[in-house]
Each structure stands twice: as structure tokens, then as C-alpha cells.
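The data blocks that follow each hold one structure.
One chain, chain A, links the two complexes that follow: it is found with chain B in the first and with chain C in the second.
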Partner chain A sequence: MKEPWVRVVKRDEISLARKIWVRVAAILISLLVCAFFIYAVTRSDPADVYRSLVDGAVGSSRRSWSTIRDTMILLAVSLAVTPAFKMRFWNIGGEGQILAGGIITAAFMRYCGDSMPTPLLFLCMIVSSCLAGLIWAVIPGIFKAHWNTNETLFTLMMNYIAIQITAFFSIVWEAKKGSGTIGIINQKTKSGWISTSFLSGLFGKFNYSLNLIIVLALMIFMYIYLKYTKHGYEIAIVGESENTARYAGINVKKVILRTVALSGAICGFTGFLLVSGSSHTISTSTAGGRGFTAIIVSWLSKFNPFMMLLISFFLVFMGNGATQIASEFKLNESASEVIEGIILFFIIGSEFFVNYKLVFSHSNKKEEAA
Partner chain B sequence: MKFSKMLLTAALSASMTAGMAFAAAADPVDTADVKVGVIYVGDEQEGYSKAHMDGIAAMKESLGLSDDQVIEKFNIPEDESCYDAAVDLADQGCQVIFANSFGHEDYMIQAAEEYPDVQFCHATGYQAASSGLDNMHNYFDAVYESRYVSGVVAGLKLAELDKAGELDSCKDADGNVKIGYVGAYSYAEVISGYTAFFLGLRSEYPNAVMEVQYTGSWADQALEKETATALINDGCVLISQHADTTGAASACEEGKTWHVGYNVGMLDVAPDYSLTSASISWGPYYTEAVQDIINGDEIPVDWCKGHADGAVMITDLGKNVAEGTQEKVDEVWDKIDSGELHVFDTSTFTVGGKKMTTTAGDDLADTYHNVEYISDDGTYFQESTLASAPAFDTVIDGITELNQVF
Partner chain C sequence: MNFLVKLFTGIFSVTFFQSAITQGITLLYGASGEILTERSGNLNMGIPGIMYMGGIGSLAGAFLYEQGTGRPNGWIGVLCAILGCLILSFLGTLIYCVLTITLKANQNVSGLALTTFGVGLGNFMGGSFSKITGTAGQITVYTTGQAFRTKIPFLSDHLGIFGQLFFNYGFLTYLAILIAAAATIFLFRTRHGLALRAVGENPAAADAASINVTRYKYWATLVGGMIAGFGGMYFVMEYLGGTWQNNGFGDRGWLSVALVIFAIWNPSRAIWGSILFGALYILFAYVPLGQAFQELFKMAPYLVTIIVLVATSLRRRKETQPPASLGLSYFREDR
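Let's turn to the complex of A and B:
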């Protein structure tokens, strides 16, 4: 009987060591391929380019903190979209929900920054940003739960509305008439800015330690919420099959609305972190595509919050390192996107070898002989 | 309480000494030890940033700096990334840091507060003087001069066409022909620019009115092309622009309409219809500022120089310009260089039917800071003499803004 030279067989199980080994091998091979690419395009030493990449991302205390800050923001958005995704509610409206939270935060900073006591100001900013994100997500949620509308399109449309509202406020609040730029809010008084100076003894003068602590706490919360709570279980069941969930006596509408509300609220909170914690302004690019990148992060991590931390870090690391490569080697930033793409390709590709194995016909014969 | 008085005196004198030491010029820096940081909003693919990159390269060559003495960061958006980039450059030991986009300014100020010993220079901004920081500076070039001269080139062309009778069908009831302008944003930098262009054009061809349409973006190829096409369809016989791409030029070549560009020559996009472009050379400023660092001199708080110092020019003339254009251009440049001709001569335009006599009124826009910009003899608006960024933000008679707010 003629057998194919190679067959693909699903693995029953795979040991942890082997899982790690496959992925490490994938990264090493991808770095090798990137090295060829770098040398072919630039004729510069790939090792130098890699060194520069690392240097750009974590080369100084300040660069490390920028990388941590950006990682935390991306992680927060990824955590936010995850419960909805696990429920198979395709929330691609993270972008708009972040902006909704950001706009309301900026409004509080502008209008109440000087008049409100700081604790009250922060309370208002946090609560209202969560609410804004929540409302932005629940609107499509209601339509999905009651009339089964397509949430992908709906959340996407909500993004455009949020972007236009942001553009509107960019004009209402612009620093100089006609310029379309708000600039830094409360630059002199710094009111409504998340301040970490009281932690400077621990982390140095420039740090985003509060962002770090808050988002890591959020990560642990999300892990427990999804894995060990009744809510998390209901989300998983609804995601697997709505009919099963209904048969098991789960109120599907309620679960959808509750989960989408949580998802939106965390996105809105991220908007607060962005505006109050780092950019101190709002513009249509404040969300910066993170609402979409977070989807990739969430999927690649298979909804595991700890994996999200790693993948967020990797993406931000590459992005921040890219600026340095562009600056040092006069490489266009597209070059680092190519590198990022190659590495991601290998990482995603390696999942195939984690889930399947290749069986070659000659090895089969050996098995038969044995 | 004598003792406390003594303490107070001591504290005062100490703070004064510190203040004086701070205000004094910095120590000279050896040329080999100079380190320069540059933050660009784009990269070599974006005309405006490319012009700055050329300026930095010219500075490097004329001062003899090596590659590792200049650290350039590309594609830095107008948000906290600019602050990150600026403080990172300061951490790397740069003594002077430049940023080239309007929205970078607040973030440069934020960084300047943190690094009082590093000089921060921001192009097109307006807050250096009012920031109260010794190490914050603004710079711009007298681009209105090159706008005016590019307007002269356009005016000569219209005059030639009119003489040949080719504009007769385009004239309105008052005998005026309409031209169009694609603007980015509706504030002084753009308004000053198109007014200078319009005045230059009218100096050669008085029977013109202009429509301005804003895009709300500095660089949007498709939108600029679309806007220019709309203006052409509206009956404009010539288009100029204050936006950074060649979108308008390609619309003009397709629509067989004359075009005056910005930043770079656009003859390769509109070989038949491009007349010239108003352009800026940033080399003189970068060279001067870095030379100041080397000498230990202070960098001017507001820097603005024009054609006489080689900072602005127009690009090569297109093949279809009117006869005698080059001679006329040379003549106008001579008059501008010598100070005989002022671009914003108040006898050449009116606002609401009246001559502009003062800018120090209460009802004026923020750019003026309630300062008198009209010269002492009352004959011209002294653009960019009190701050480097353009200040003229009044829409004069003959110009219509088609949309207002961006």
C-alpha cells in the first residue's frame, strides 16, 4: 500500500518541557531568519541591530519605565477584551471605549482640575471613565442580547463615533484657535495627573509604578475571575454554546450584558490611565490602535492573563526597540515591523507543532518492525 | 528680629546668586563633544521633515560634526512619545534638542522643566517666551517672504493669460478671477502664509479673489487632492497650498490648472502646470543654534530669518512660467532683502473695507498677545519680528474661507 511520505497527526498530549522547547526553538529560528533579512537589507551586523533593539527598549531606567508603561496599557486593554471574547462576543470596540473613558477624564482634568480636591477629582475621573467605557460597550451589548445584532459591526461603528467625538473636543478644547491640538492639560498645576513621586524612593524619580501595580492587580483579578468564579464559568459556557447555557439554566442575556459591561468598563479605565497617567492630553490617536492589537494579544495568549503579560511585553519591546533601530541605523521603521512580523509568524506557527505532530512514513515502518 | 532678617537676607542673596549663575551663558563646548538630538514628526518620506533633515545635514557638514554626534528620532507623534523622546535624548547627553512639529511644543516644555541645563528648541511654536524657561526656544523662518515671491510668479502668469484673453470666460461680474488655496489648519501659520501669497499675486495681477479650503490635516495626500479638485471644479484658475503633500499638484496636473506648491519643488508631479514652490531652508538656523552651543552663547528665544540669510527661497521655476518671471523674481527678492518692500504693507490690503492701523486692541486673537505689530510709521505689519511664529491671523478682503473650524 502506498503511504504518503508525511502525515499530520493530532497530538494527544504534550509535556510542558516539550511545549516550552518548541516555542523557544521557534523564537531562535525566527531570530535567525531576521538576521538574514537584516543583513540582506542593510549589510549591518545583525547582532548589533539586536543589541540596539534591546538597548532601545530597556537600555536605561527611563526607557525601561516607558516600556513597562506601554506594556501595562496594552495588557489592560487585552484583559478588558478577554471576557467578552471568551464569551464569543466579538468586541472590536476597545478603541472607542478607551477614548470614551479618556474624553471624560480629560473633561474632569480641564474643568475641575483646579477646583476639586485631589481625592475627589480622582474618584470622579475613575468612576466616570469606567462608566463611559461601560456605556460605550453596553449599547451594542443590549442590541446583541435582545435582537441578536452583529456586535462586530456595531462595536466597530461605535469606534468611529468615539473618534469623531474626540475630534470634536480637540477643537472645543484646542490650545490655540485653529490648530486642532489640545496640548498638555494642566501643564503648570499638574492637577489630575497620576503622581508617583511618593514612590520615588523605591523606584527612582521617573516611574510609572502605579500603572504597573494597578494593571498587575487587574491581571490577577482577571485570572481568578475567569478561572475560579461562577461568572467565569458562565462566560465559558455561553461561549461554548448558548443553547447549552440556556439548558443549564443560565440567563444568557444577563451574562452577555454583565460581561460586556465589565469589558467596556476596563477599557474606559484604561482611557483614564492613558490620559491621567501618561499623555495628559486627548487626541484621536490616544488609543493608538491598542483596541485592535489587544485582540491579537488576547487570542495569542488563549485568554490566559499571564501569557498576555508576556505577549504585551514582547510587542511593546519590539515597538520601542524599533525607534532605536530607526534612529541608530537610519533604518526605516517599517524594517522593524518586518522583524516583528517574522517573529510573530514563527511564534504562531509553532502552535501547529504544539498541537500536531508530523509522522513520516519511514518512521512508521520502523514502528511496525519494532 | 534681627536674626531672622539676617537669615532672610542670606537666603535672598543666595537665591539671587543662583539665579544669576543660571542666567549667564553656558560654558563653551568643544566641537568634538557636541551632541545634538532631533525629533521629527515624520521621516524622509514626508516633505516637511525631509526639509528639516536636510537642514540638520547641512549643519553637520558646515560644523564638521560626525554621525554619532547627531541622534535623530523619526516618526514621533505629537503626544507623550515626544516627551519620552526628548528626555531620552537628554539622558544620552545631548546639549541641544530640536523638535519640528507644532504639537510637540508642550512636551518639549515638559522636558525643558526637567533638564534646565539642556537647550530645547521647537520649530513653529509660540510659547518659549511665555514659558518662563531659559532653556526653551522657538524658531521659524520668514516663509511669508517666499510665499509672497511665489505669489508674484503666479500673478505674472495670470497677467500673461489675461493679456492673451484666456481668462475672459473665468471672470465674475466684477471682472475678478478666482484662485484657490488648500490650507491645513485655520490658524496664524496658515493664514499668514496664504495672505502673503495672495498679496504677492495681487502685486502683479490685482483682479484676483481667493477661496481657502482647510483640510484639518498637515499631510493627507488623498484629501488634499480631493480638496484641490473641488476648488478647480468651483472655477479656480490657480491653486496654491499650505499642506505637506503633492496631492494638490497632482489634482492640478489632471485638471489642467496652474499650481504653486510648498516645501519642495513639485515639477515631477505636475511638470506642465507647476509654476514653483515656496520653500524653507532650515540649515542656517540649525548651524547657528549649534554654533551657539559650541561658543557658549545663548540661543535666541525667538529666531526668525528670511531670504537675506538664505533661510527661505522659491524652488526652480516650471517651464510654463510667464516671460520675464526670473528677472521680476530677482528684483522682488532684492527689494525684500534690502527692506524696501514689506510683505504685509498695510496700503496693499484692507480688512472689512478699512486699513489695518493697530493690533493692540482687546478684541484681537491670542497670537498677538495684545502687542502692537504695526510698525511705528504705521505702514506695515511687522510679521515674525516679535515672535518667531507667524502672527498675522486676520482674513483680509478678497479672501473667503470656505470652511471655518479645524
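Let's turn to the complex of A and C:
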């Protein structure tokens, strides 16, 4: 009988050491490939290039804080899509839900920034942005729960509807006629802006420490929610098998809707963080593809919030660093996306070597002989 | 009343129909490729990235040729463009195939990563190619672009309005329709097409019937990716006339994915669907309500897709459902 020369077998037990070394090896190989790519286009010493990459990401206090800020945003979106994701609900509509939250935040900043007292303004912005994201996610959720409509494609389409609504407001609210951009909202009064001088004694004059604290708190909340609460348990069961969940007396539709609502609300909240705490404006590129990247981050970290922090930081670090390389060597700044893509391919591919093993037929024969 | 008159005189015009087709052909390539791919059970979210790669590949191929010779011939340029397009879209799709089929990685995740990579690579090369190759200025291939834009001689200008409506396009337009028709015949009228659909519906059953699941998935996804790459080439060569616009391709890749749903996984429906989507895509320019409301009208194709998506899931007819194993990797031991 003809025997294939190699077979793929699922591993029964995966040791922690193996999990770590496979991934570290993947990242190292991906960095080598990136170095090759960078050398091919810049013709300069890759070591130099990597040095300026590090410089671009954490070279100064301001750059470090931007890296932290972007990491927190990516982490927040990753945390947002995770509960839905663990339930096998592919919410790739993060982009749209972020924008929905962002538009409402921008509206409050514009119209109520000067008239409302600050605490009330922030309360309104937070609650309404969460609600907006929630609604944006629950619409596909309802159809999924009741008619099993494909949520991957539905949430994807909802992104573009949100993008066009953003484009609509970009023109309605445009700063200069014909510019099509809103410009910085409340630049003089800074009302509705998350403070960038919180605990300035500790973190320096200019910092994003509030963003940091909020998102880290969210991370711990999500860890506890998924691991130690009844809701988290129900999500895990529905994700593993809907039939099992039904036998166990779990109301599957309710769990789907509740989880999707939570997911959307956190995405909407991230929109608030982006508009009020970082860009102070909104445009169709405010979300910047993070809804998609977050899916990858969440998947790679196997739904573990602490791993998400690590991976988000790594990706943002590489991205911000690559932007610096691009400007130094007068290359197009999309170089950072190319590098991000290469790294992702290797990490995604490495999962195989964590979960499966290859059995070669000649080694099989040896076993039989022995 | 005045509003409607303006709208309808705009829509019922030769130029509207022509630009609907021009917009639609890109989507038709993307959708035909993605339908072939999805019929094998692979939901390739990397299609937008692959289309960028196909576009920049064709531009790079033609650019290298035009730079290499003193007096470039447009049709040799076309061949180089096609070659470049095929190479890059093949390589891009190969990454996806190795990850999802051989390494059994998650399809959505791999696809999204490929889109990040492909869009980045397209914009990066489009913006930096002239710097890397040491030439100055914007990367353009005028001669090749003109060859791509050559209309059918005689038919385009001797048949009056009929010629203007149907023969006023470059050869890629007709190739797109031919490919979609051929894909339909392949999928629904041939033995291999039947096997491919079986793989997409139930790979374990197909495997038991001694169909090589891995081989079918690889072939369908690779060929599908290369067809989609042609969409990028069409946009760069015929629509833009042989140049690169940063992010100019926009969201057409995702719109192609939407068109797959609209066409209910049948390439022949994608032919007229693509023209309809093209019309919806440019409809905003004909709505006399001011710039802001035009932005709202740009969501038309996505809204229509959602309606189709919901309608097919409500009706639950067997023939109009997505392939049953769509999005799942196949591992024999998991049966």
C-alpha cells in the first residue's frame, strides 16, 4: 500500500515551553524576513534600520506615549471583539462600531462642549458612544440569533454604512468650506478632551495616562468576566457547541444578543477614546483598520487579555517604528503595513506547529521495527 | 419634480451606463474569483489585498518593460502587465493557501492579514517604486495603458448608440464576462465543478468519495485569486490608464466580496449584478442633493447587499445558501 511520506497529527498535550519557543521562533524568523525586505528596498544596514525603528517607536517621551496610546486603542478593540469571538460570532464590524461611537462623541463635543458642565458632558459622551456601538452590533446580532444570517458579512457591510455616515458628517461639520474635514474640535477650549496632564508629576507633562488606566482596567474586567463569571461560562459553552448549550438550559439567543451588545458597546467606547482622548476629530480613517487587526490580535492571543496586551504592543511598536523608517528613507509609509503583514503571516502559521505534529513515514517504520 | 427630472435624465444616459460597466468590471473579476474560492469552502477575506497586489504587479511588469526599451510596444507591455499581475496575485494567494489549507490556520484571520499585507504592498510599491528603481517621478506606463484602453475597432464607432453601449470598452471588459460565464459552466456543468462544490459543502463526504480535497481547495483558491488580481489590473490599466493612485482602489475589494453574496455564489448572476453594483456605486454623483447627501448615497451597494443577505437567510432555500463548510479548515482526523 502506498503510504504518504508525512502525516499530520494533532498534539494531545501542548507544553508551555513549546507554546513559547514556537512563537518566539516565529517572531524571530519574521523579523529576519522583514530585515531582508527592508534591506531590499533601502540598501542600508538592517541593524541601522532596526535602530531607527526602535527610535521611532520609543525614542522620546512623546513617541513612547503615542505608542502606548495606540497600543491601548488596539487593545481596547481587541478586548471588545473577544467575547463575541469566543462565542464564535465573527464581529468584524469593529470598524463601524468604533465610528458610530466616535460620531456621537464628536457631536457632543461640538454642540455641548461649551454649554455642559464637564462631568455631565463626559457622562453623555461615554453613555451615548457605548449605545451607538451597541446598536451597530446588535442589528446583525438579532438577525444572527433569530435567522442565522451570516454575521461575518453582515458586520462587514455595517462598516461601510458607518463610514459613509462619517463621510456625511465630515462635510456637514467641515471646518473650512470644501475641505471635507472637520478639523480639531474645540481646539481652544479643549472641552470634552480627555486630559493629557493627568498625574503629570508621575508621568511627565504630556501623557496619555488616563487612556492607559482606563484600558488596563477594561482588560482586567474582561479577564474576570470571561474566566470567573456565569456570563463568561455561558459564552464559552455557546462557542463550543450550541446544542450542548441548549441541553444545559442556556438561552442561546439571549446569550448571543447580550454578548454582541457588550462587544459593540466596548467598540463604541473605543470610538469615544479615539475622538475625545486621542485625535480630537473624526474622519473616515479614524478607526484605521483596527477592527480588522483586533480580530487577528484576539485570535492569536487565544482570548487571553494579557496576551492581547503583549501582541497589541508588539504590532503598534513595529508599526510606529516602520513609519519612522519610511519617513527617514523617504519611502511610502505603507511600509509599516507590509511589515505588519509579514509578521502576522509567521505568527498565524506558527500556530500549526503548536497544535499539530508531523509524522514522517520512515520514522514510523523504525518505530514498528523497534 | 425638477429633482426627479434631473435624476432620471442623468441615469438614462449613455455615459451613466458606460461608467456603471466600467466600475462593475473590477467587481466582476473580484467576485468571479471569490465565488470560485468560496465554492471550495474557503472564505478568502484577503481578496481586497490580492486585488491590490494584482494591480501593482501589472503596473510593475509594464513599468519594467517600458523602462527597459527605448520605444515600447503597447501590446508587449500588455503581456508584461498580465504576467506581473499573475505572478503577484499568485504569490499572495499562495500565502493564504499555505496558511489555511496546509497549516489549517483560521481563514478569516489569515485573510485579514493578507489584506493588510496586500493593500500595504500595493501602496508601498506604488509610492516608492520609482525611488527603488532609481527613476524620477510618478510611476506611469502610458503606452501600455493606451493599449489596454484600445476599443474594438469598427464595432465601437459604426453601430451608433448600440456600439457606444456595448463595444466601447477595452478587451479586459469582455474577458471578465467570458471568465464569469466559463466559471459558471465549470461549476455547474462539469464533473470537476461538481467535485469542487462537494468539497465546499461537505469535505469529509468528498474525501470519502476519493476527491482530493486539498488539491481542489488549492486549485480553486489559486485560480480564484488570480482572477481577482485581474480586477486590480483592470482598475490600474484601463480605468486609471496605467498609473497608481494611493488608496485609489478604495473599498472595491470588499464590494466584490459583497457582490458574491448578491450573486448567491453563482458567477453568471455576478455579471448583471456587477453592472448593477457599478451603477449603485456611481449613483451618488447623479443625485442633485448636494455633496453631503451624496456621501449617504454611496452606501447604496452595501445596503442592497445587507438586504440580499437577510432575504436569503429568511427564505432558507437550499439552492441559495452559502457553501455549508464555508470558513472551516478541513482536517481528516476531525471528522
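In this text, the second predicted complex is superposed on the first by the 321 of 370 C-alpha atoms of A that agree within 3 Å, B and C clash if a C-alpha of one lies under 4 Å from a C-alpha of the other, contacts with A are read in each partner's own complex, and residues count from 1 in each chain.
To be clear about the criterion, a contact is a pair of C-beta atoms (placed from the backbone, for glycine too) under 8 Å apart; a residue touches a chain by one contact, two chains touch by 3 or more.
Keep in mind that this is a model prediction, so the values were computed, not measured.
**Q** Just to be sure I read the superposition right, which of the two partners does A:N332 touch: chain B = first, chain C = second, or both, or neither?
**A** So A:N332 meets both chain B and chain C here.
**Q** After lining up the shared chain so the two structures overlap, which partner does A:Y50 touch, if you call chain B first and chain C second: first, second, both or neither?
**A** neither
**Q** Which partner does A:I171 reach: the first (chain B), the second (chain C), both, or neither?
**A** Touch partners of A:I171: chain B and chain C.
**Q** For A:Y233, decide between first (touching chain B), second (touching chain C), both and neither.
**A** Touch status of A:Y233: no partner.
**Q** Mind working out whether A:Y356 is in touch with chain B, chain C, both or neither, as first, second, both or neither?
**A** second
**Q** One more residue to check, A:F122. First (chain B), second (chain C), both or neither?
**A** The answer is neither, since A:F122 touches no partner chain.
**Q** Please determine whether it is chain B or chain C that touches the greater number of chain A residues.
**A** Counting residues of chain A touched by each partner, the higher count goes to C.
**Q** Quick one: classify A:T323 as touching chain B (first), chain C (second), both or neither.
**A** first
**Q** Just checking: does A:T152 make contact with chain B only, chain C only, both, or neither of them? Give me first, second, both or neither.
**A** Once the two structures are laid over each other on A, A:T152 reaches chain C alone.
**Q** Enumerate the residues of chain A that count as touching chain B in its complex and touching chain C in the other.
**A** 171, 330, 332
**Q** Which residues, counting only chain C, touch chain A once they are in their complex?
**A** Counting only chain C, the residues touching chain A are 43, 45, 95, 98-99, 102-106, 108-110, 112-128, 131-132, 246, 251, 254, 257-258, 261, 291-293, 295-296, 298-299, 302-303, 305-306, 309-310, 313-314, 322, 327, 331, 333.
**Q** Show which residues of chain B lie in contact with chain A when the two form their complex.
**A** 43, 71-80, 84-85, 87-88, 91, 102-103, 105-107, 109-110, 126, 185-188, 190-191, 216, 365-367, 393, 405-406
**Q** List the residues on chain A that touch chain C in their complex, please.
**A** Those in contact with chain C are residues 8-10, 41, 90, 92, 143, 147-150, 152-154, 156-158, 160-161, 163-165, 167-168, 170-172, 289, 292-293, 295-296, 299-300, 330-332, 334-338, 340-342, 344-345, 348-349, 351-352, 356.
**Q** List the residues on chain A that touch chain B in their complex, please.
**A** Those in contact with chain B are residues 60, 62-63, 66, 171, 175-181, 183-184, 187, 206, 278-281, 283, 285-286, 323, 326-327, 330, 332-333.
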